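Note that the chains take the letters A, B, C and D in the order they are written out, and that residue 1 is the start of every chain.
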């Protein structure tokens, strides 16, 4: 029998919908509340497909932050940055566990938040208890925190690809160049002309250069991994698929290294991680390999002509890049098997 | 009245089809022969849409290289590398003008050809007369040559984006990292499981790393531009659209420079080029802006946090990346207005 | 030298953009005004790609109906129904030629307008001078009218497919069943969640059944063709491509007929029509055959097992289904060659 | 613990891959053999994504029909028609349960097979024991048969939409017109130019008219439902999505009927079916609602203007249209819960 009552706050966006699907099929979780201003009063089964009939009959509600805490034990916040903090404050005051998918609690330094998000941090007092909730990097801290800040999709695809290289000093961080391609669901579910089918089909483009907001958390975590400040070039691109994220990274090798040796180091680094798959020398990540999963595929290549290490990763931006990773963090926090509810 | 008789050799592939369309609407050209082994005997109008009725009634023929020269004055070769040279030899012997879209005559050094293409160069004696037929970089030589080697699609998107920076010493060539995204038509029209709709729709992937064949011509031309040997990192990706190519480049600035200054230098460099458009500081290239055109869009950005210059370009891989550029080269060679037959 | 000054009113939608492209390349037309409330003050080249540089420098203006007449000789209205009439009234009062792409002047009977569009006809006094501007069916009337009501995209694909059969009494009109598939641009350029890439990619659906608004003009014209009232079943579907429309029609044959005979009748019916192509027995219409053209492909098949005639057609919903047909009507009205500016 | 050993024969096509995924996650099934000529020796995890690690390590084998029976208890055949029978014969001789996804055992009459498939039936002696394995229509027979012939994707989407209407005499069968739209995976995984991404993206087309092979089984089952011979018009179309099938049907009502009444009859007919969902009057089926599920959505509409009933259905052609329905049939045959392994 499910033991934990779960609410999804902001359940009408793409990450919110995916959370609803994952919570509904998780054997230890019971979906007790779904909030959405725009869909209040409507059945969730009308907008989220593939739900069991019992869950499909739940109704979206529009709840104020103050009325929220009684609805569940754990709260996923799938809200815009700035708004998430408004909901987190009363929930934390009531002693509830908050798993936030926004950017509000990812950065340790409120000054960096202000630099990248353009306004003062809405709840700096909560930053000391929040954890950057990427299980592969911060599993121990996740177990002890009640405010889990789930990483962004770009950072997830980048940090997991770089962690072994930086921790082991394989590359010169000052030479890091990162290019990422994102499916359109990463831009959210907004009535915006720029997100129309006709505007994006048979199209692709870079955007938010040279200073995308996710750079702030990427550099915070890369600096932790490298034990020194890291500043990188990062170029995101929008490409015409619904779900998927592909990242390609290059950096100068700190010293010459054999391709096989580096790949073995990666295999070893992730050998106990259920959701990380390091490809061998004959294959490269593809978006479809990980669609609708919580997995990440990583590949390493050495370019002897330039002395650079090339790294590649693929995730589903709504899976490991958002809702999947949030459920994985919940599993870690509550001591469920880490893959519970997340296997195909 | 059209003055020049034109043949398209290998007219059943995607570049060949596009050449047929462009030649058919070019006021100075008359399409006199279309060759295809697989489609011999069939009307071109059945496979190439949008042709005037007179051209649509032409029939594909299967002609041996020896029988080819009498069919036209100018010959576009849209054939695989290795095969193109077999056709170029008798055509050049007969004094015909050859505009080759394969890789056979792009490289000056047959040893580099062998390194990248895996076999001896099939006609090294023709290399001394061939010209790398990118009008923006080699216009004067194109006018005097009867063997025009049209650049590949990736090289086109890369070289035009980098020419002003390298010629003016703005960047350190050793720090160059190039990422390109290609629509699927760039992979050709082959009965290959990997090119099926279901394999590529909702998918994307890097491929041919770290040593894609086009690196050979990219580095040859970059070295000319920089007046020193240049070796680069280049990562091509396949993305789910039919036509389009997007390139993102980064390199360390040789010395600090203002964004506006660099953009002005680019504007100035290309001010007389009819097909090059340098975007301003508020916009970035998009694939759809140039679909079905011979244009390239370029944008420049300075990243002050890392001291890097970012360059972006967009072309249609079948337009400026193949058939369009080939017709532009023909226009230069024969003294037609350079945009003849190439404007929307 | 262009002789006719043309304005495009409502130039920011998909039909408006396509009109701008077509007018810009038409040798007899000069684009003198482009109106758009949302884009007023911006360069048209920023939103419409592929324009000659001179046209790309035109600026969108926001003009009241009263100030409009002096701007041009001919006015294309690419506005929502109801709004178009507000602009048509002062333009017609000023003696200008109006080519309207909305539904406002397609129906002869204001009561039918009210039934299908839900409000009183905004300018019933203009209906007596308006012509249903499908050149293949109403060429003579178009030449004499100053208010051309361009057909909708669905009606175009349906009426041209049915005209020969109904005029020749080949089928029983009471058994007509029509299914159409439309690319997404047919739904317009609106900031609507339902038109987002993620909502429509990998999706398809029927909509507006059983009484889509276009039924009103479809039945008006079918009744004229059959010389008796015709009421039909029509099911439109949305499919994931940007441009294209495919229609499949079935009806009982009025009497047994050979497939070859019917096809010959169709070939003959359209033999002088430059934009209508009747396929032979070995091929069927495909959307891509007519993309970015003003052409329609039609095929006929007899199903001897059921005694039904099957008809198929393909158009580009923005080409023959909207902007292309509007320019074709202009050509007819002003005595230009009918294909002027409309050939690839 | 899984109790039943299962083999997938022909596991490299799209239906085969989907079967592998479904069997792998089914709690009562153990995957013991995967056959593929082209992939023999390779790991299944290389081509089928999302498998548990234990299953991903299975290797494709190339087994002759004679060597097959010992490998499992139940055999899914995902082979071309004609070939399936070659494998079914020795398997049935060995007493194994065969669940065939080809057309070989769907038709009761070998003469009809020859008419539609162009060659003699390869194993007519097996037809008397085979069952048309659509659980909603033939559940009792499935329980008792060892040769289950799974319906085609088009027939599934059509028969379930029509069963309540025909069984209850709501419509005149002679007026049935059926239009279906299929995603590209329905055409199989073949190295065929016509299935390339570039040929199908931004394209759509009708095909196989007027006599698609699936008509044979459609009419066999419709005749059973109507208790009289039924001959119908059926037009399949290919549309640019990977997975999904949408069917639109119209027929004259046998007598006037209220929309609400018909919808209630449908709701009632399917009230105990776990995979059939009848939409209410405010919504219509969409392909994405059922993607990657074994569900079918059905909607009914009355068109009072023409006296016709309109029926709509949506399935995933690889789910309820192929692999999902095959597993559902297995569940029925072996007495597992019918939804076992098939719920999201």
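Criterion: contacts are C-beta pairs under 8 Å (C-beta built on N, C-alpha and C of every residue); 3 or more make two chains touch, one makes a residue touch a chain.
In this text, all values refer to a predicted model and were calculated from it rather than measured experimentally.
Chemist: Among the chains, which is located farthest from subunit B on the basis of C-alpha centroids?
Modeler: Farthest chain from subunit B, going by C-alpha centroids: D.
Chemist: What's the call on subunit C versus subunit D, same or different interface residues, using the half cut on shared numbers?
Modeler: Mostly the same residues form this interface, as more than half of the numbers used are common to both chains.
Chemist: Report the inter-centroid distance (CA atoms only) between subunit B and subunit D in whole Å.
Modeler: Using C-alpha averages as centres, the distance is 46 Å.
Chemist: How many Å are there between the centre of subunit A and the centre of subunit B, using C-alpha atoms for each centre?
Modeler: About 39 Å, centre to centre.
Chemist: Could you list the positions in subunit D whose residues touch two or more of the other chains?
Modeler: Only 201-202, 240-242, 288, 291 qualify.
Chemist: Report the residues of subunit B in contact with subunit A in the complex, numbered from low to high.
Modeler: Listed in rising order, the residues of subunit B that touch subunit A are 175, 177, 179, 181, 201-207, 209-211, 231-233, 235, 237, 239-244, 246, 248, 250, 284-288, 291, 301-303, 305-306, 308, 310, 312, 314.
Chemist: For the complex, which residues does subunit C have touching subunit B?
Modeler: Listed in rising order, the residues of subunit C that touch subunit B are 21, 24-25, 46, 49-52, 201-202, 283, 288-293, 343-344.
Chemist: Which stretch or stretches of subunit D touch subunit B in the complex?
Modeler: Going through subunit D, the ones touching subunit B are 14, 184-185, 189-193, 195-202, 240-242.
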